[in-house]
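In this document, chain identifiers A, B and C correspond to the written order of the chains, with residue numbering beginning at 1 in each.
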Amino acid sequence: MISSRWTPFLFLAPALAGLLIFRLTPILVAVGGSLSGVSLMGELRYVGLENFEYLADDPEFWESLRTTLYFNLLINPIQLAVAFALALLVFRPLPGVWFYRTLLVLPMAVSTGISAVLFGLFLDGNLGPMNGFLEWIGIGAQPFHRSHDQALYTLIGIATWKGAGYWMLFLLAGLYSIPSTVYEAATIDGANGWQRFRYVTLPLMRKPMAFVLVADTAINFLFFAPVYILTSGGPSGSTSVLMFQAYRAAFTFSDIGRSLAISTVLLGIIAIIVVLEFRFMRSPEEAK
Amino acid sequence: MSSMKIDTLRKSFGELEILRGISLDVRHGEFVALVGPSGCGKSTLLRLIAGLEAATSGHIFIDDRDVTRLPPKERDIAMVFQNYALYPHLTVRANMGFSLKLRGDAKDQINKKVEEAAGVLGLEHLLDRYPGQLSGGQRQRVATGRAIVRDPKLFLFDEPLSNLDAKLRVQMRTEIKALHQRLGSTMIYVTHDQIEAMTLADRIVVMQGGRIEQEGAPLDLYDRPANAFVGGFLGSPAMNFIKGTMSDGAVKASDGTRLPVLSEASALDGRHVLWGARPESIVPDDNGFEGTVEVVEPTGPDTQLLVRVAGDPLVVLLRKRMKVNAGDKIRLGVVGEDTHLFDAKDGMRIAL
Amino acid sequence: MDNPFQKPHVLMLRYGLLSILAFIVVFPLVWLALASVRPQNEIFQPVSDFGWNTFIPSRFTLDNYRTLLNGDFPLAVKNSTFVALTTVLFGVVVNALAGFAFAVFDFRGKNLLFLLVIVSFMMPFEAIVLPLYVMIRAFGWANSYQALIVPEIANGMVIFLFRQFFASIPRDFYEAARVDGASWFYIFARIAMPLSWPTIATSGLMLFLAQWDSFFWPVVAASDSAYAVVQVAIARNINFEQNDWGGLFASTNLAILLGTIPFLLIQRFYVRTLISGGIK
């Protein structure tokens, strides 16, 4: 049916070029660049694993890796749990539930950067109401993102505020895909509410939950905007996640090699996560 | 085995009234079929009996116990769903044993009962498979097995064969009938297929618009329908109806054709009626009423004719071969007692 | 999972929880909107003064918005809008072409290339921001519109959407046109595209939002104030601006409002796709 062998490729060319150049090539640049350095003379040369060796010897890198892992260990399960709870609350028909669902999903309209600014103001001691409220109920004003102890948790809170509604939608899709007759059969078999949840809902939600967990983790490993805007990695490096380290290496220290080395590490982690994501999405549905 | 009694059951969803006062008595071990067109409320009635919906008013009794306000768990009933509703993540064995596990039965007890039920239904070799790996018919059997294992007071079936292809449906129908004979349990079976109802039931309940039109043994309903609706619902091809007026003990159709009524009926002269006759009861009769053949459909053993009588189409089913062509004039009569008279206004049977 | 014998207090518990959660979620946004219309001298809300005044301004004023007009903000809005609209224009065309190819043609390597498309949108963009910056700098595109627009034109998700749509058109349509002598490009431009206007609208809005909300890439690639987009401009201000808090409130609120409009337009689509296609 095709007049020329090349027609399909002509159609594909601009988009494919875009993807190859601006999505695929950067991966190669990251790996290649991490293996190079800039000499004092300003020329590019191959330095092997030198950049990685520097990273391995750098306590700041390990600290950052630790912070990133800790951050992810907390935020991903928390976001999953919150999103799941919201999905359960919003799932069963209820007059006016669409209204609540729209409200819960509203933070999706706010970009990551703006949400950081928003909370920067909201949690500020002089500009926002949060501390006033805390004083009023007796807990006392908190430094939030300005404190070494609270900064990371504050960021987790902000990211959860923004993301909960989004992931809730995915989990809602999973909930809707369970046929209501299966619940009815369970009711007739004698299951009460908790038993229906434990024996029907949870097992059948394993796949959607796994997907959300993995996809969310991939995004959270690259967490950047609120760190840049609110904490600059501090106070005292308590929020210095890997992506911020990579950014600073490039823009504050002009150490492109180091920046790309960290990027490569991140890419490696993301690649593993994406492969996992694929496995979950493509797994043969033996039990549906 | 149980008796079940329903007393003036009503169900409304908001403004919409689905069941308008249903009363029914079911005896121990009976197989009762609830039939009717879509929207008649039969599924809703079944769900009310199961406890999946709450009645708006009225009472349901199982074994003389008022279960109207009780959840399904406490009614001791089992249900087979139209789409089987098997637990997709559990094996066939686990599916069938689920209710017993919830009850807290011992594991070997559960296995014993599951294997027994599997034996009855021929599922032994499938016990470790998942529903996704089974065919429609197999899933249906697993759903039935899940119900059997519970040994309930009442079996409820919600159009269990609707999702199967025609051939499988016929086969499963026989299996269900055999199952009832074997277990002797009380079964309530919802279907929109009147053949299923006729062949399976001890008693049929015909419903329409949220009310019971008639209930009784299948052949009773077939031979003596209480109204035109029941007459036209049971039987395939359906009963023929022609409007007319009573005159001199026969029905006079709009163009004057006189249709026979096989009983004394002169007292009804002048009344507007609906004349009914089943296709298989109409035969060629040289002294009968006249019509024009429009379509001839030889099926092999039978010949089905579409005859126009008094402007209305009449379906005739002859249990033999007959040489006749479209356009021929034909004279017909009715065999046996099988003419029915219904009031033209409300469709109710006119007793003769 | 509906329980017809549900006790009423469970229902009230649900409403209660939902109300609290919805309030927590929406409150910061409402607060910001109110704060942005306060007079400048009421901006500071010292901790000790907590009360109704904290939330309700003594009077409503658009002064903060007016001062925005005199600063950098209009430029930032112009930049964001220009970048976003240009991306939509090119993006829709380029990705639709590719989606069409995947839907309609059979060619060697089709599955492999489509896999590349899928992988491209499963991998978060942020992962390659820094190496991409190195590349852009090498092209000489740092701090320019091209840097912001070009890398965002090819979009795996949009290709996927167009492919789904074009594949859903019965083949007979295409074959009839071919028999009539139409070229593939003609079929694409005059037949397929006009039919696909819902997909065009959704993709356009998606691309617009992606660009409008984009922060990391613009901060890295075009941080010069001449090219700063709204996200960057506002983020800047929270760190550096010491006297125009009112302007900061106003600009943030505006950015949210402007971003919410396209979001509301396609949120039905998001919800519907996620709920129906969900984890596929």
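The rule is short, and it goes like this: a contact is a pair of C-beta atoms (placed from the backbone, for glycine too) under 8 Å apart; a residue touches a chain by one contact, two chains touch by 3 or more.
Protein identities per chain, from UniProt: A = Multiple sugar transport system permease protein; B = Multiple sugar transport system ATP-binding protein; C = sn-glycerol-3-phosphate transport system permease protein UgpE.
If you're wondering where the values come from, they're calculated on a predicted model, not measured in any experiment.
Viewed as a contact network, the protein chains are fully connected, with every chain touching every other. Pairs A-B and B-C differ in how many C-beta pairs touch across them, and the larger number is found at A-B.
Once the centre of each chain is set as its mean CA position, subunit A and subunit C turn out to be 17 Å apart. Subunit B and subunit C have Cα centroids lying 57 Å from one another.
Under the contact definition stated at the top, the residues of subunit C that touch 2 or more other chains are 3. Residue positions 51-52, 71 of subunit B are each in touch with at least two other chains.
Contacts with at least two other chains are made by residues 187 of subunit A. Listing the residues of subunit B that touch subunit A in their complex gives 50-52, 71-73, 77-79, 81-83, 85-90, 98-99, 102-103, 130-133, 146, 150.
Residue ranges of subunit A in contact with subunit B, taken from their complex: 179, 181-182, 184-192, 195, 199-200, 203-204, 285-288. Here subunit B touches subunit C in the complex through residues 51-54, 69, 71, going by the rule given at the top.
Residue ranges on subunit C touching subunit B, taken from their complex, read 3-5. Residues of subunit A touching subunit C in their complex: 1-3, 5, 7-9, 11-12, 14-20, 22-27, 29-30, 33, 86, 89-90, 92-94, 97, 100, 102-114, 116-122, 125-129, 131-133, 135-136, 141, 161, 164-165, 169-170, 172-174, 176-177, 180, 183, 187, 193, 196, 201, 207-208, 211, 218-219, 222, 224-225, 228-230, 243, 246-247, 250-251, 256, 259-260, 263, 266-267, 270, 274, 277-278, 281.
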